[in-house]
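In this document, chain identifiers A, B, C and D correspond to the written order of the chains, with residue numbering beginning at 1 in each.
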Amino acid sequence: MSGPNHSCGVAGIASASDVVSSLQKSLMIIQHRGQESAGITVFDKGELQTVRDNGLVHAVLTDESIAHLRGKVGVGHVRYSTASSKSVLNAQPMTVGTGFGAVAVAHNGDITNYDELVGGYKARGASFLTESDSELVAAVLGKHMALHNDPVKAMKGMMGELEGSFALVIMINDRLFGMRDPYGLMPLCIGGIEGGHIIVSESAAVDALNGTFIRDVAPGEIVEVMHDRFVPHQAVTHRHKAHCMFEWVYFARPDSVIDGREVYDVRKRIGEILAKECPADVDMIMPIPDSGRAHAIGFSIASGIQYEEGFMKNRFAERTFILPDQSERELAVSMKMNPIKSTVKGKRMVIVDDSIVRGTTLKKLISMLRVAGAKEVHVRVGSPPVVAPCYYGVDMRSRDQFVANGHTLDEVRDIIGADSLGYISIEGLIAAIGKPEGDLCLGCVNGKYPTRIPGEAERFQSTLMSDF
Amino acid sequence: MSGPNHSCGVAGIASASDVVSSLQKSLMIIQHRGQESAGITVFDKGELQTVRDNGLVHAVLTDESIAHLRGKVGVGHVRYSTASSKSVLNAQPMTVGTGFGAVAVAHNGDITNYDELVGGYKARGASFLTESDSELVAAVLGKHMALHNDPVKAMKGMMGELEGSFALVIMINDRLFGMRDPYGLMPLCIGGIEGGHIIVSESAAVDALNGTFIRDVAPGEIVEVMHDRFVPHQAVTHRHKAHCMFEWVYFARPDSVIDGREVYDVRKRIGEILAKECPADVDMIMPIPDSGRAHAIGFSIASGIQYEEGFMKNRFAERTFILPDQSERELAVSMKMNPIKSTVKGKRMVIVDDSIVRGTTLKKLISMLRVAGAKEVHVRVGSPPVVAPCYYGVDMRSRDQFVANGHTLDEVRDIIGADSLGYISIEGLIAAIGKPEGDLCLGCVNGKYPTRIPGEAERFQSTLMSDF
Amino acid sequence: MSGPNHSCGVAGIASASDVVSSLQKSLMIIQHRGQESAGITVFDKGELQTVRDNGLVHAVLTDESIAHLRGKVGVGHVRYSTASSKSVLNAQPMTVGTGFGAVAVAHNGDITNYDELVGGYKARGASFLTESDSELVAAVLGKHMALHNDPVKAMKGMMGELEGSFALVIMINDRLFGMRDPYGLMPLCIGGIEGGHIIVSESAAVDALNGTFIRDVAPGEIVEVMHDRFVPHQAVTHRHKAHCMFEWVYFARPDSVIDGREVYDVRKRIGEILAKECPADVDMIMPIPDSGRAHAIGFSIASGIQYEEGFMKNRFAERTFILPDQSERELAVSMKMNPIKSTVKGKRMVIVDDSIVRGTTLKKLISMLRVAGAKEVHVRVGSPPVVAPCYYGVDMRSRDQFVANGHTLDEVRDIIGADSLGYISIEGLIAAIGKPEGDLCLGCVNGKYPTRIPGEAERFQSTLMSDF
Amino acid sequence: MSGPNHSCGVAGIASASDVVSSLQKSLMIIQHRGQESAGITVFDKGELQTVRDNGLVHAVLTDESIAHLRGKVGVGHVRYSTASSKSVLNAQPMTVGTGFGAVAVAHNGDITNYDELVGGYKARGASFLTESDSELVAAVLGKHMALHNDPVKAMKGMMGELEGSFALVIMINDRLFGMRDPYGLMPLCIGGIEGGHIIVSESAAVDALNGTFIRDVAPGEIVEVMHDRFVPHQAVTHRHKAHCMFEWVYFARPDSVIDGREVYDVRKRIGEILAKECPADVDMIMPIPDSGRAHAIGFSIASGIQYEEGFMKNRFAERTFILPDQSERELAVSMKMNPIKSTVKGKRMVIVDDSIVRGTTLKKLISMLRVAGAKEVHVRVGSPPVVAPCYYGVDMRSRDQFVANGHTLDEVRDIIGADSLGYISIEGLIAAIGKPEGDLCLGCVNGKYPTRIPGEAERFQSTLMSDF
């Protein structure tokens, strides 16, 4: 609940039959990746048709609003805005007319050299109607299409220009492509569905369409997806990957499988390791719903201490409290969560959360537990202290907002008012995920980034082994 | 999740300072009791001011929409329509001008002799602009005020005319009253808050306002609530009560305390008794989120079998899926819930739900579990089979909709596709609630109703011991 | 343009076929009588169906919104609110359930003894949900139906209780009635249309339905309208009538015929008489569009001076400027009207308007003419000075707002900045209308009212010759 | 009323103080030039701020919606869509980021070589998010800015690339420019207002701001507008001009002065010449309101026959009837207009309209006059028969829609059901306008176009005498 906000979710489907309804469902399934705008673009009778607007999927893509959409290939997008502008102009998919046809772009991630690239294009006379990465992607694609007149070659060219994180779904007329940045920062996977294929941010969308998960798109890979097959093209191969660890900790749905690791299981394992690294002598283990449940169950299993749902979460909270200002957040917490007095009264407890960013919500929750009669409140956190910004699409840009920055563990414990505080270690987290440290992006917890960021440490020398 | 829909929530506050914001918060906390319309009426400068409309509290009662409301006494309402009409005319609080002042009525329940009473009033020349119980309540109140010219006497008169269930909050100019039907079918409680008192459907609202729970309003009691005190008047005393058992099973928030029983604890106890009455040899216990969690934890404790969150519930589900037609419900289930494959694959499991009405959702969920690889799926239900209609405000009017009606246990098990099926017994439920059978309304599970209902068995002879 | 605002328009149709579309059209035609809310109620399959909301007819009664309405009898209403409350609760037709069926009431006018009557009903225990005359009408009707159980007798009873102005269209189940107050203050007429009959505020609506005007409803008359005939009942007969003179001067459409007098012709005749009563030595005659055109043409004919359209009226003005505050009105004038420089420059002119209430608009227009180079601006007004309030439904309640009150003719001329100012005389107006003075309501220009108004002079002793 | 639809209106203001409110007013005044979308862009604190949306000015640019806009320079736009797409993406002003700053473009007209130009840009890798001329204008401007790095030089370059009609208001950061196509097809003028200057489609907007008309922008001229002065640059000078004659006949407001000719006076003169060219022996002259009034007054003056307002036009018609389908138009006519029976009955009349395109409205009006008892109906038209498409921004693209195409005068008379029909001659129209034939665009009435149009006759050889 107290976690950071993610940037976007993308989906594309090619099928022997109409894809509109399946795209709509896919976006509902990945709604958690972006609640600011939603959109679908399909290719039909030689042109693109798009419905996109600010709002949630169910509000923007109603049965009425999409009734006129038809197409056997299409892309979809849900957006959480990391940029300042919330203009509906930025709603995606972004659609442009080009010399090689109508193009739709759906993007998840952050192009870190956006200013550089846009500056270059503008200097050559180009103008930009939006401030979205997607319009830049279209411009870069256009340049390379003008050079190569071949989508795959053009996308390989793009892969060489774009820096940062990107999971892209691109439609050029009726051809559908997916591509993932060279380090695989953002997730993207391929599934088989009845009559076709889907390319989407999370595998749970494949399940919801009663489809079959095929595989993740590889970092640096371009995939052309057709209704009856898909054709992969490896554009860039780095020795290491840099999967965002927060996908497993918090962002992704627990029922998704990201780069070969089941999210729910990773979270339970985080809880188990946390119970070993930071044990506590308490009467019960409580999650912060909804995101802390799997971690708490793991903690309960490893510790042998009873799991209890000691917080009541208002099931209308997502509707009710998505809008309030920063200043109203603390107040909103009490509308959103209420401790169950009979459960917590007189008890010593561990509460488990996925992460601490600002710590304000947690502070309020602990205070509510004390008012309800809790005897001891011990906080255990499923990710190491967040101390550095994310430049790849997560809404954590400023160091100032991190409570762990410039405070010792004990100070943070005192700030939030806990009896004890324990974070999982970086090693513990890596073990829970089950991937080599070298294949994860841990930038926000260790300050080392996979790509160059002005003023930040770069994790490794870029050693490209591209195929062009 | 699969439970029936409730009718309404009510709140009233009298304070030394402005009550608008507190009423708004109270309604957010009891939003689960009605999502169709919301409203607040306050008394200020000699007249009532009202904001009410169709929609959720956060949408109807925005900071902007209520900015002009001021008052030290007010009432609020959230409504789930049991009647056909969804006209905004029926939005509550209902406000009327009368010979004794401006009156606002907020009602939870169903007046079972509505037709009789309305018919009588119409025959004497009265006309009704709405088909809401509240307008009838105003008419009955008006008649008795014309006779007695005293609110308490008039409400005692009302208590003698109205049959069925009613938890009423009534404001007459700046005087605030609560009253509860003679059997206490619907909940209503009193709390002390900073500077005043609240009278509200559920105690969780008192907590959310940092208030102190005082006591439940007694069945048949009228309470006048003032900022600095409250004055009770016992209008009718029956030997028995008839609290709706579904409040503990499903309706009320787990953090509320209803008529002296903590809801979360009752639910856990239901799970424990269920584990004893209907044990199962399985690998894990899974709740149907969100409503089955406490029951499942109780089952896990009593059985010693591991609790797991095997379903991922879409946290936007409340927004997304509140509207679909009956025919779209099955489809909607897969948008709302997804089994976590890695957790359920190859496992034998108990899934715990609060109740079964139609059984369609459960059938779909079980089928999804099987697709995800579940080896055995055993269903355990926290309430006895629902076989009879509710006439007191719950949206279960027709026997035809109950899957348990006309089917044996084994047949229901086969219909939903479970490996085994177990309901808690009526005795078990009574024990879990911890009240005498005679003090509960079990009409929907045993067909015996506390008040006369044409064509239905009446539970007991009315033995009034009223004070007038 | 600068005239007062009217209160309402009403319509009812009984037909052998569906009436919804015809009602919708009728209301569009009488839209000028009320722009605040619009509504239609039809009787179908034993019950009333209603669509009503705040807004203009085309916005409230869209083809979509009324698609579900069906019925062979129905009533419609457009409302301009004279009361403070703009609540959608007050939108008409008002529909109520009664002991004798479902009733819909559409009302034009003002019940002057509203407070007295409502007070009496409240004292007997009745409550009122709205502050609209129509709910009172329903209550009065209900009382008399309870006594007589016959609609015509009940309406005769109503005629004895209600004071003030009322043109009512009332539907009791599938029976449709029209009635007009004893002095005929508000217009109401009957027309034959294909397959049925219409009863409506203005005859232009009959034309727009390609129907045939039959006759005006007589003052004090009740008419039952059926698809194949209509049955009149004379309830009250006064020696004199009191038709509102402003209907001919300003309110009614120029293409309507009110109580036997063609509106456009009356206006031209006003202009002709005005030219004789207040001649001017000028180069051209200009109307204030749109309402002053017919008067100006009459003036031009009688004076032999050239007619010119020297003001450009923004044809979006009705949309654009309906909302501004009083304080923004002067500014709004320049958005709404612009003098045509080449036409007015260096010219002496008469500008003709229907009436002067506040005079602020006229003052601004004259100043604009001077800026545009007009040499002389002479104002001629198609109604005598408005000096007294209207109690019958026109939005002129306070003496303070009338510029003619407490100012001499010369003072008013100076206030508005004209070179000369001339009003038609009361005699001239009476002559132009062509009815005896005794049959007109001239209350706002001579302060004598047809009914008792506390504190105002009554025009004649009520000499009822009712038939009961 | 029955005239064609225009494409757009533009405005730009540079002032020593805030321009937002003045822009809002200007757009209200030129609202008749486009009702589909409206928008304002201002430059403030180094960036552009824009409010634009589909809808009328008063609905899009409300006091609330523009409250946050501030700026001493800004542009505004109202749009009537000639293209198929009504996407809000096409709402103007179009704003783009470029290498030389933030640019806003407001465009009136049609770029006839749009496809050619866009094709060329796309071939070089550019992509286009919209199908609006304005994005193309931005791209062309961008190219020339990259070459010259000087706005005036760049606009001169644009003038050489763009074909067709264009009146452009362009803001580059805080510099404001106006430019008009080499033939001056679309109007554009400069005015002085308090504290600054305005550049706008019609002079009436200058009047409404209490400003002073300075002069028209010359064809082929670029003007930089500053708060305290303006700097003209003549980019292209053609021997002839080609002002659209329909501006005087119908499009422009009667209170505007276009290229030195007062619109109202031209219209009156048209009526006078028409009366001489096509006299009629009738009892009265009637305009089709609102657009035919000035023509009818001229006809009345020249013929000495009485002017009458025989049609009542519903003053809510603009709101009510802007949406209906083609198929509903005939029906809508009777909602919009009603003959005044007492005026037309038994009379012989001329009805004067500005133009005939399809003739369907006129046919319906004549039929209504006959039903109302008109004895003879003679139609006189203020423009010659429209027989050829307009390629410069007017919504008359297909020859099939013109009733005058392929029908003789007598046939058209019979189609519309008139007793006689007379159009003004081309010579008469030219005389009324008072400009040489060579300086007018008469393409739609003589089929000769000032610029090359594939498949159409070109009026004259382009003989450029540009200054670069």
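By definition in this document, contacts are C-beta pairs under 8 Å (C-beta built on N, C-alpha and C of every residue); 3 or more make two chains touch, one makes a residue touch a chain.
Just so it is clear, the model here is predicted, and its values are computed rather than measured.
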Identified repeat of the C-D interface (over half of residue pairs identical), from A-D, B-C or A-B: A-B
Distance between chain centroids, defined by C-alpha means - chain A, chain C (Å): 62
Whole-Å separation of chain centres (CA-atom averages), chain A against chain D: 50
CA centroid of chain A to CA centroid of chain B, Å: 37
Multi-chain contact sites of chain D, meaning residues that touch two or more partners: none
Topology of the chain contact graph, where touching chains are joined (line, ring, star, complete, other): ring
Chain C residues within the chain B interface of the complex: 88-89, 94-99, 103, 118-119, 122-131, 135, 138-139, 141-143, 145-147
Touching residues on chain C, where the partner in the complex is chain D: 25, 28-29, 31-32, 35, 56-59, 204, 207-208, 210, 253-255, 257, 262, 264-265, 290, 293-294, 297, 300-301, 306-309, 312-316, 318-321, 334-335, 338-343, 371-372
